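For reference, the structure I am asking about is given below.
Chain naming follows the written order as A, B, C and D, and within any one chain the residues start at number 1.
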Amino acid sequence: MTPTAILLVHCSDQKGLVASVTTFLATHQANILDLDQHVDTSMNMFFMRVSWDLRGFALNEADFRSRFNSEIAHPHQMTWDLYFDAEPPRFAVFVSSLPHCLVDLLGQFHLQIPVVISNHADLGDIARRFDVPFHHILVSAQNKPHAEAEQLDILKSHGVEAVVLARYMQIVSPEFIDHFPNKIINIHHSFLPAFPGAKPYHSAYHRGVKIIGATSHFVTAELDAGPIIEQDVVRVDHRDEIDDLVRKGRELEKRVLSRAIWAYSERRILCYGNKTVVF
Amino acid sequence: MTPTAILLVHCSDQKGLVASVTTFLATHQANILDLDQHVDTSMNMFFMRVSWDLRGFALNEADFRSRFNSEIAHPHQMTWDLYFDAEPPRFAVFVSSLPHCLVDLLGQFHLQIPVVISNHADLGDIARRFDVPFHHILVSAQNKPHAEAEQLDILKSHGVEAVVLARYMQIVSPEFIDHFPNKIINIHHSFLPAFPGAKPYHSAYHRGVKIIGATSHFVTAELDAGPIIEQDVVRVDHRDEIDDLVRKGRELEKRVLSRAIWAYSERRILCYGNKTVVF
Amino acid sequence: MTPTAILLVHCSDQKGLVASVTTFLATHQANILDLDQHVDTSMNMFFMRVSWDLRGFALNEADFRSRFNSEIAHPHQMTWDLYFDAEPPRFAVFVSSLPHCLVDLLGQFHLQIPVVISNHADLGDIARRFDVPFHHILVSAQNKPHAEAEQLDILKSHGVEAVVLARYMQIVSPEFIDHFPNKIINIHHSFLPAFPGAKPYHSAYHRGVKIIGATSHFVTAELDAGPIIEQDVVRVDHRDEIDDLVRKGRELEKRVLSRAIWAYSERRILCYGNKTVVF
Amino acid sequence: MTPTAILLVHCSDQKGLVASVTTFLATHQANILDLDQHVDTSMNMFFMRVSWDLRGFALNEADFRSRFNSEIAHPHQMTWDLYFDAEPPRFAVFVSSLPHCLVDLLGQFHLQIPVVISNHADLGDIARRFDVPFHHILVSAQNKPHAEAEQLDILKSHGVEAVVLARYMQIVSPEFIDHFPNKIINIHHSFLPAFPGAKPYHSAYHRGVKIIGATSHFVTAELDAGPIIEQDVVRVDHRDEIDDLVRKGRELEKRVLSRAIWAYSERRILCYGNKTVVF
């Protein structure tokens, strides 16, 4: 694997931003592997992702951080993140009783998944098949603060960066979300904003839609309303009963969630307002 | 063109329905070209569409209607429609100012479109290019009953069977709809039930969806809530501004509307409850 | 689970076929759950799949077979298959070194997969995680007849009905195929007939296609040329290198193969000539 | 409309390319509207498209050309194209007898289509409906050089930049192509490289594919083998006869060709080897 740095930047749009960043990199012998930028004209915001080969790059991480901040980021009031020869993210996976997304993620052996947490015991067997620690933590209206504190302890002890809700049938509290801002990835089994909340396949069936969808999004305090990362659809018709929607939805949920996690892992997502740029 | 009959049937599900209908047809020497049936188990409803070659068929239309009704339909309490060597449907197209769907329909020269009606004068030139009479009828809150009466007169005089709202920016009254039950086909520029009503591309843009859709449906008294005939989608990303959504949407609207009209013309659509069976 | 019978029929098209079959079923009190028929006009062939609820059905399997054959199938020279309250099919999965399809199939716990066979040892660990016997059988040009004999013994001992080649990087001999006619399901990682044979993602990359595909088909003596069961595609662009095609292809292969196996399991596939009807 | 410049660049990949170009632009007060770059690592080639607002830009076209060439392009051995507040491209449309693509293009009133040329008289009526000159030029094996000379004269007299083959059923000679290198856009009614040449819908039908496609590509001397600009697909099944493939294909061809022409008009396409970068 090539040692690589990834820099994510956003700020108000101004003349010369790409030139400033790329000239800084060129001055220090960066060999750019990939560069993508975007201007949201309606918000006048500038977004950029650039990755470069660290072989031959003249700055170490500390020097880069210090000099990039003072010479480029601070003058342009940029918000920025740097991944400098970084480890891949460590994801905790939260599940309830449905195995398909969990198996799909655990079967992607390149993903770092140090722990699985569930409010049901059912999927413990699957986690064990993949040698991943499984914690069964009951969640109820009464014990939620306590249960979430326990979850947070486990996440901390496993060095978890981000949380994947892989058909986790519980609403996460705003306090919990505050510990992982834009770092909790949910898969919702509808084409949001259609059919938020419970039983979207039932709703889709009763509405008589001809296409069903799935949506992966960051979790925010408002249910199923956070920034959308990825969506996809599959065609249905009158022959499809609710069970068929569930079956077709399984493969759809797997692939939409999987793509969102890939984009997150590659550090391709920038959030702003309630939207995402996915480079 | 082979002379063809098409029979559409629906009723409560019972044992032996397919056998009854097909035995009746076989008895009279029908050569079945296509047969499709469906049982909606949640509503216990049976639906069937069968078409046959009229060459060699032993009954004329009047005899078929009389005997099928007394021998098959009445005993099973069927609702049925028959198209016996029938002319294709005659569509009126209602538009406002956007030309893309209108041009697409007029350019499909096999469609019978005897008249175009609009609340704007803009598209008169296009109708004239295709030698189709164009009526400019202003519609306002004040004159709506009068305007709709004028529209109905025109539709009647042109022997119109069904109405296509090809980006017609007016709400049609329940009284008007009553003249064309499940015979007014609208194209809505979103993936319903997401983004009903005005300016769905703007709403989609602000929600940050990764896919946009279009929906063709029969018009009912409730806005954008009638039985869905066809939907399709196209992928968008953060680079797409509202103008791009509009551009991508144009091709999407054309093809979704066009498929819905094809299904209608082929007598493939059965409505029930607020859903469609599209054979 | 409702006890169900499924009947598959094909024969030369004649008047009255649907009536004959459905009248036979109605006479014996069948409650039809699903019926689909198709006439291939270019080949003048009739195809039908009908399923019915066995509760209340008046014939047992032996009687059905005997009477249906003499009264209906024989007079019309039908080819037919019956699944009468049948067990789901037992699949052997053949793999080489790529785990994604294998994990996806084993993770679908409703599938009956009694054995996994591979020409490499790599995936034995995955089979063991799912408690499925794994046989490592080296295949070379020299030992192929012997290796295939060993494979056939294993398949027989596990009561295998059909074989899934889940990215199995070996060509199966015509003799082996003769033991499982239209019962060996392959997943090929291209949109056939484009890019048959080895390294289709490399070929797709070098051709500069904007969409890649995957194809599941029955294996015949001619490589990648058997009857197609299912295909699907995913969009790519100039940013996608071969590794990206491989990554996007993984999810594509999983879902295309999974849908083909579902259709096979539901007894929805009829083969004729070199094509399939998938009801 | 904002006055805009678009610069397209490609060259061997080197460090500092983005910095050089963007610093040059920033020095002269360019407000960048859009920037996209790509490195093809397998060919070590760099590609870039950048557009900027000309309001406030400090150079006129002549000065830009002169200074950019000497300061940036020449030192880096860049190949480049500039569209400086440019008129949209003028397209000639070549057709035979099928109207759908022609109507679709003429109905996009923002396109500049000064002339339609055909080897059949059939579509003259459509061109006249849109007030576009129509030339009927018979092409045969015998008269091809003469016919193409006549076509070239017409293209020249109309100031045509690029040619669209909108289901033109003739092979264009290498000599003709040399006058419009990477400027002849064809729509082929298959998912290339599957089914090149004549009657691809027939071939697709006989092969039993489950998806059909359309491909828009630049025309080169090798039939249906030029750089692919855009592809899309639509699902088919056993119910679809060749006529259905043709019908479904019509909407597919329209949208694929339309997208290719949009990308061309926006100067988003760079060709290299036998591939395209479509920014």
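Following the convention adopted for this analysis, contacts are C-beta pairs under 8 Å (C-beta built on N, C-alpha and C of every residue); 3 or more make two chains touch, one makes a residue touch a chain.
None of these values were measured; they are calculated from a predicted model.
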Where subunit B and subunit C overlap in contact partners, by chain label: A, D
Chain at maximum distance from subunit B, centres defined as averaged CA atoms: A
Type of subunit C:subunit D copy interface by residue overlap (half), same or different: same
Centroid distance [mean C-alpha coordinates] between subunit C and subunit A, Å: 36
Inter-chain centre distance, subunit A versus subunit B - centres from mean C-alpha coordinates, in Å: 41
Touching two or more other chains - residues of subunit D: none
Subunit A residues within the subunit C interface of the complex: 99-100, 103-104, 107-109, 129-130, 247, 251, 254-255, 258-259, 262
Residue ranges of subunit D in contact with subunit C within the complex: 38, 40-42, 47, 191-195, 207-211, 213, 227-233, 237-239, 241, 273-278
Subunit C residues within the subunit B interface of the complex: 15-16, 18-19, 22-23, 25-26, 29-37, 39, 235
